[in-house]
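Starting off with a structure, shown below.
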Amino acid sequence: MSQELFVTNNVWMMVSIFLVFVMHLGFATLESGLARSKNTVNVLFKNSMIPAIGLITYALWGFSMMYPGESFAGGFFGFSNFGIPLPEGGETSAYNEGYTFWTDFLFQGMFAATAATIVSGAVAERIKLSAFIIFSILFVGLCYPIVGMWKWGGGFLNTLSIPFYDFAGSTLVHSVGGWGALAGIMLLGSRIGKYVDGKIKPIPGHSIPLATIGVFILWLGWFGFNGGSVLSADPGAVSRVLVMTSLAAAAGAIGGCLFSLIMFKASDITMVLNGILAGLVGITAGADQMGVTDSIIIGLVAGALVVLAVAFFDRIRIDDPVGALSVHLVCGIWGTLAVGIFGALAGIDQLISQLIGIGAIGVFSFVFAFAVWYVLKLTIGIRVSAREEIEGLDIHEHKMHAYPDFNGTGFEMSLDEKEMMIASNSRNHKEKEKPVVAE
Amino acid sequence: MSQELFVTNNVWMMVSIFLVFVMHLGFATLESGLARSKNTVNVLFKNSMIPAIGLITYALWGFSMMYPGESFAGGFFGFSNFGIPLPEGGETSAYNEGYTFWTDFLFQGMFAATAATIVSGAVAERIKLSAFIIFSILFVGLCYPIVGMWKWGGGFLNTLSIPFYDFAGSTLVHSVGGWGALAGIMLLGSRIGKYVDGKIKPIPGHSIPLATIGVFILWLGWFGFNGGSVLSADPGAVSRVLVMTSLAAAAGAIGGCLFSLIMFKASDITMVLNGILAGLVGITAGADQMGVTDSIIIGLVAGALVVLAVAFFDRIRIDDPVGALSVHLVCGIWGTLAVGIFGALAGIDQLISQLIGIGAIGVFSFVFAFAVWYVLKLTIGIRVSAREEIEGLDIHEHKMHAYPDFNGTGFEMSLDEKEMMIASNSRNHKEKEKPVVAE
Amino acid sequence: MSQELFVTNNVWMMVSIFLVFVMHLGFATLESGLARSKNTVNVLFKNSMIPAIGLITYALWGFSMMYPGESFAGGFFGFSNFGIPLPEGGETSAYNEGYTFWTDFLFQGMFAATAATIVSGAVAERIKLSAFIIFSILFVGLCYPIVGMWKWGGGFLNTLSIPFYDFAGSTLVHSVGGWGALAGIMLLGSRIGKYVDGKIKPIPGHSIPLATIGVFILWLGWFGFNGGSVLSADPGAVSRVLVMTSLAAAAGAIGGCLFSLIMFKASDITMVLNGILAGLVGITAGADQMGVTDSIIIGLVAGALVVLAVAFFDRIRIDDPVGALSVHLVCGIWGTLAVGIFGALAGIDQLISQLIGIGAIGVFSFVFAFAVWYVLKLTIGIRVSAREEIEGLDIHEHKMHAYPDFNGTGFEMSLDEKEMMIASNSRNHKEKEKPVVAE
Amino acid sequence: MKKIEAIIRTSKFEDVYEALTEIGIAFMTTYDVKGFGLEHSSSQVYRGATYNVGFIPRTKIEMTVTEDHVDEVVETILKVANTGKVGDGKIFIMDVEAVIRIRTGDVDELAL
Amino acid sequence: MKKIEAIIRTSKFEDVYEALTEIGIAFMTTYDVKGFGLEHSSSQVYRGATYNVGFIPRTKIEMTVTEDHVDEVVETILKVANTGKVGDGKIFIMDVEAVIRIRTGDVDELAL
Amino acid sequence: MKKIEAIIRTSKFEDVYEALTEIGIAFMTTYDVKGFGLEHSSSQVYRGATYNVGFIPRTKIEMTVTEDHVDEVVETILKVANTGKVGDGKIFIMDVEAVIRIRTGDVDELAL
């Protein structure tokens, strides 16, 4: 390969790094927009710390745990060394024709933190900050690289006779995050005031503009998430991936829009936004294997799925403020299965491999996350007190308000009142203390 | 051409895609910032659906209507096939030395939706959602590709003895959107409370930060809009285009600032923001033909023009909440004419060609848009009821508020009160029903 | 060098331009988020004008003053010509193997405005608009290019026996801005109500989401600020710089978080955000000379330093609303010194050169800025009246509110009340009129 | 002196304000309140679930006037704020014992 | 007729609202106020400095009722809004001389 | 017991609050109101057109005190809230028939 191509490939991969990086901004704005103003600082704090934690743990050990290299990779666990020492020739095409060692690390490192970010939104508005930070370190630092290695690091999922296929991480990133979120929600319970007397009480997010900004930025970031996963600037492959990614996102928007119009008789923008993300997550596993029609169908189905899933999780009282489970877990699974149904790899054998991958990774991630959350719950506790929750995490965990000029104290808003009253009813206190899973 | 150059060109074009994509975020934030908080969800909803609609219609038929290829292109209308089947060699430099087929589609597809976005802002705060969506589909799906073909698809404007010149779309994109907006505003009438007793009553946008974010993002996006229109990574041409684009934007800011200071005795940030966009629209037609001085003059004039145009449209009671006409229509025309006045192509013959292009495209776009709006007005109606308008489109079209924590209902704000009172005066009800154009 | 490499290098540099450009959006959102809502339009106005002013002055004379070329460069001052005439071969690799003339100009031009932006935040909420605009023109148009030439333009700092080293501008950009800010604050005095009866009264910023968006965008922009400063797409060098930049930012976040937790017993998100910026400023001088451990240490120290510096400046009554001094001046110095302490250039001789550079540039910038501010103070005045300050610069300087729907007048908020009362106490009026420096 | 408190439709505020100004009432104080009464707010939808905030935003006007103005003020409000639909609001009249103008220290009628 | 003004914990509002509805009080007007009293707000930290906004956000409920309802309303509020901790708030009762329903012009008892 | 309602300049609130605290008034309730009076708001400009929101934001203070405190409170407000310029606001005094402390059920003087 010519040096020229190597340089160009590396430029492309660096651009992809930037795009994946801005996804953290996308998550920060989306999640804070869909939370209440009294918890905004808290959400933003978590989302600001996650990339920092992700990059540092990935530098300290995560990268070499996820990509230990052939000699150190096992089927289920591998590890080469602590830190990120530059390998010989790491800055040249000898390392890889698509990128330098540093580019590789940074691209993967930016991915790593994404899984924790997904959890962040799902457990928002009642999680204890310290517990979340500890969980994030362990989840990004251990769970993500371990299961990542199974496929991308050359582990057992990659060596199945028909290898499990997950192009950019519908399962390895999004579902992993989704499982972590599910475990967290189950042990945390729902927000005070969300389910009262068997009825679902919506808790609207405080800023639709913030949420919309978040989704646009995430779509932008996905160009790097998927486009960069080609791992070179190969014109045909990358541009095809970009087109399929965009079409799935567009179809997701339309699916979410139409389906929520039919089901809820409302043009709910949060469903359009979730639909876009659903389409993006859905196409991620097979973005390089799909054609135009496949991508549009995958996106449309994802857009519809996300609407159903939001309603479903609400019905079973899994309280997910931002719809992270519906987007990342449900559509992550859907996208991974889609590889066996549509596109170049479609086939029953591939579908079975996909199921194996989904199952193996799902079980491990869920159990890992559940165990961590559970231990945290028994030790430092994972949920803030009812009073902190009612008055807002911002003032209690951060002694600060996100918008001090607009509401001097952050808890004098109509909706909050509603829950505060709810909180004071005994029936409700019980509810709060009865998470989905018996302990 | 070497494969290396092809790969690099394609990377550049993909970066341009990303930049044009973020323009949709720019428009979403700009337009929602300049609308009132009670219509914020509505504006964002439209702006989230537009790229989805644009991409899907463009994939279904628009792309092959705009770029039907030599064999199918007529002077005024061409069409090759439905869908976007990959042509032979479409992923290699055989397709084009600058980009793959997929890159081509996506770059053009991102452009396509822009025209509808321009309309979105101009008709904001009183347009019926369903009518707007239908209009957008027809406008992006038919009007834009048809007139686009006239020049960029090889139609009659390109085969004039001295071809009409429009580098990146001052006319083909911005004016087209502007004409669609003008037709819409004429049939819609002004917002309740905007013109009362012969006086102009300002209706301030609800968030200057959102609007400012929008303009910065649009400037960023314009680097791809203009820079990508070189259609390759040619270092001299692209970097020159970027410099001229930036200088025009900067000069537009200064022009808008000074001119509004002189005319209105106020440092009006919305005029600086509109000035930046005016400069950008102004340079778009000739960004590759201008020198440094040309660009600065074009930008300064555009910045001044936009201030005059805002005042002018207000005087003739064309109510454009975001200044879309002033920016995109007026400066789109100015920029297109400027190609005949400044820079490498300057000359009376070129100026005539420019006028022909402006006229032909203007007439077609305006008539097309007017006809669509008119039929919609007669059938499903294009304007929400006075009550919906007063209480806000968010709560009526979307049953939701953009900022539920800050104003529980979205219509308890001082300004709204003003209009509600105004709306209750009979003189005003009449006004609302008297649009500019007699029906 | 092959044409292919040249084209790729130029693409990379153009991407860097875009990234440095978005830093202006980052500063605009960060600074407006950390100011009060009654001054939001003012902050955004300044930050919208700065890039315009920066680019135009840089085009008129700044570029040729900073990079006069060998024949015109003196030790302390150089100047080749007005304007930016394209040199022969300026669009080819004959100009430079990494970029065209135009790319060079635009990349440097985007840098130029940064220094003024730093000042903007520090003097926010009480500076007179006209004074700030004049200062900016002089600061960006004269001070920045003059000291820039000393090092990057080939001046005396570059010809020391062991040349002063400042890779991407910890000193040349960030400290310069910081010194300008310090001079401004000293002559302006603190905001009314900030220091009362010897006690520090916090004046919280009005929107943490805006501030957070700003910091993420700045981090993104820094990839171009540092990555582009390699001045080519060299894969090893650029990707290494990106990794070190990111690790320092991440470590800065952690440093700021931990240190503010220890010192203030609060998880203060503004300290995490400042910590990220501190890490970024800290690594900027030596981003290409550092290893992984160096970068993490530099970032951690910067994160801690910024917390200490914020407290320190408050104690000595230097009122800096956004922490610009702590981030850009203090960590700019720290980063520049770090080149002599860590990494490839570490050594006592280098450290001395670093001190010479810091000192020379510091003295010049501070004196220049102080003189300009002082003359402005004596002539048109630099501070708004107490009434304007209390009621907000938005309504007085711009006759406008940033959020008219949320507080009809912009000065009916609790915090403002506090200061208004404070302002009415005579003891305080005195304080306001007693800036740090005797006049 | 009497204090007149009127709770009216927010949409009627400017009409009422202008009408009161016309009959010579130069002073008043207003603020936004939440009204619970016979008229109910329209329901909202968020992510598939419906809910209702329960109250209607209304404007409260307070003005203290001399006895002889009371009837005229009440009549004016009745005329202008009336739409005939449920939710028009109410007027309450209370006795005020003393009024003092802060600027001058004037009391009672002089202060109005 | 009497005007009852209750300043209560914002967190107790919905309880009080429901309890009053149950005893037949269909009309009330509420708004957010800042309360200064024995209970104090918790301190905030910003960039290393601590401060205190001083007040507690509270909800004020106003309703005008006929004399015979006053006791019942007061008892209901006392029962429901009470937590026993400092900061529960107070009830004030004042005389109202006249009430007029804007929609119909009904006066006094008829208007309630 | 008397209810004292003072409408003052928002900028004077903290002065008034401190002065009242000094004379032993521990309880008060405040909220933001819009004042229409002799002083007018400054005009705004948006995209070339000028407009005026009409009102001035003011702060309303309410406190119920025993008769013997009324004069002292009024004097204090007069002293501290006065700037001598149009717009200083007014004080209104009304009779309160009963006060009940929600926490304890204490009534009247005991509840203040």
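Order of writing sets the labels: A, B, C, D, E and F. Residues in every chain begin at 1.
The working rule: contacts are C-beta pairs under 8 Å (C-beta built on N, C-alpha and C of every residue); 3 or more make two chains touch, one makes a residue touch a chain.
Since the model is a prediction, treat every value here as computed from it, not as a measurement.
K.L.:
Show me the overlap between the contact partners of chain B and those of chain E.
P.N.:
A, C, D, F
K.L.:
Starting at chain C, figure out the least number of steps needed to reach chain F through touching chains.
P.N.:
1
K.L.:
Among B-D, B-F or A-D, which pair gives essentially the same interface as C-F, with more than half of the residue-number contact pairs in common?
P.N.:
Interface equivalent to C-F: B-D.
K.L.:
Could you state the distance in Å from the CA-based centre of chain D to that of chain F?
P.N.:
Using C-alpha averages as centres, the distance is 18 Å.
K.L.:
At what distance in angstrom does the C-alpha mean of chain B lie from that of chain A?
P.N.:
34
K.L.:
As a quick test, compute the distance in whole Å between the mean CA positions of chain A and chain F.
P.N.:
Distance between chain centres: 51 Å.
K.L.:
Note the residues in chain B that touch 2 or more other chains, in rising order.
P.N.:
2, 4, 8, 11, 15, 204, 207, 213, 266, 268, 398-401, 403, 406, 408, 414, in rising order.
K.L.:
Could you list which residues of chain F touch at least two other chains?
P.N.:
In chain F, the residues touching two or more other chains are 31-32, 34, 44-46, 53, 55, 94-95.
K.L.:
Throw together a list of every chain pair that touches.
P.N.:
Result of the pairwise touch check is A-B, A-C, A-D, A-E, B-C, B-D, B-F, C-E, C-F, D-E, D-F, E-F.
K.L.:
Write out the stretch or stretches of chain C touching chain A in their complex.
P.N.:
It is residues 2, 4-5, 8-9, 11-12, 15, 19, 36-38, 204-209, 212-213, 215-217, 219-220, 223, 227, 233-240, 242-243, 246-247, 249-251, 253-254, 257, 266-269, 272-273, 276, 292, 296, 403, 406-407, 413-415 of chain C that touch chain A.
K.L.:
Residues of chain D touching chain E in their complex?
P.N.:
2, 6-8, 31-38, 54-55, 58, 60, 74, 77-78, 81-95
K.L.:
Looking at the complex, which residues from chain C come into contact with chain B?
P.N.:
Interface residues on chain C, with respect to chain B: 2-4, 6-8, 10-11, 14-15, 17-18, 21-22, 24-25, 28-29, 32, 40-41, 44-45, 47-49, 51-56, 59, 83-84, 90-93, 99-103, 105-106, 109, 129, 207, 210, 213, 397-406, 408.
K.L.:
Using the touch definition from the top, list the residues of chain E that touch chain D in their complex.
P.N.:
These residues of chain E touch chain D: 3, 17, 26-31, 64, 94-103, 105, 111.
K.L.:
Where on chain D is chain B touching in the complex?
P.N.:
Listed in rising order, the residues of chain D that touch chain B are 9-15, 32, 34, 41-46, 53, 55-57, 59.
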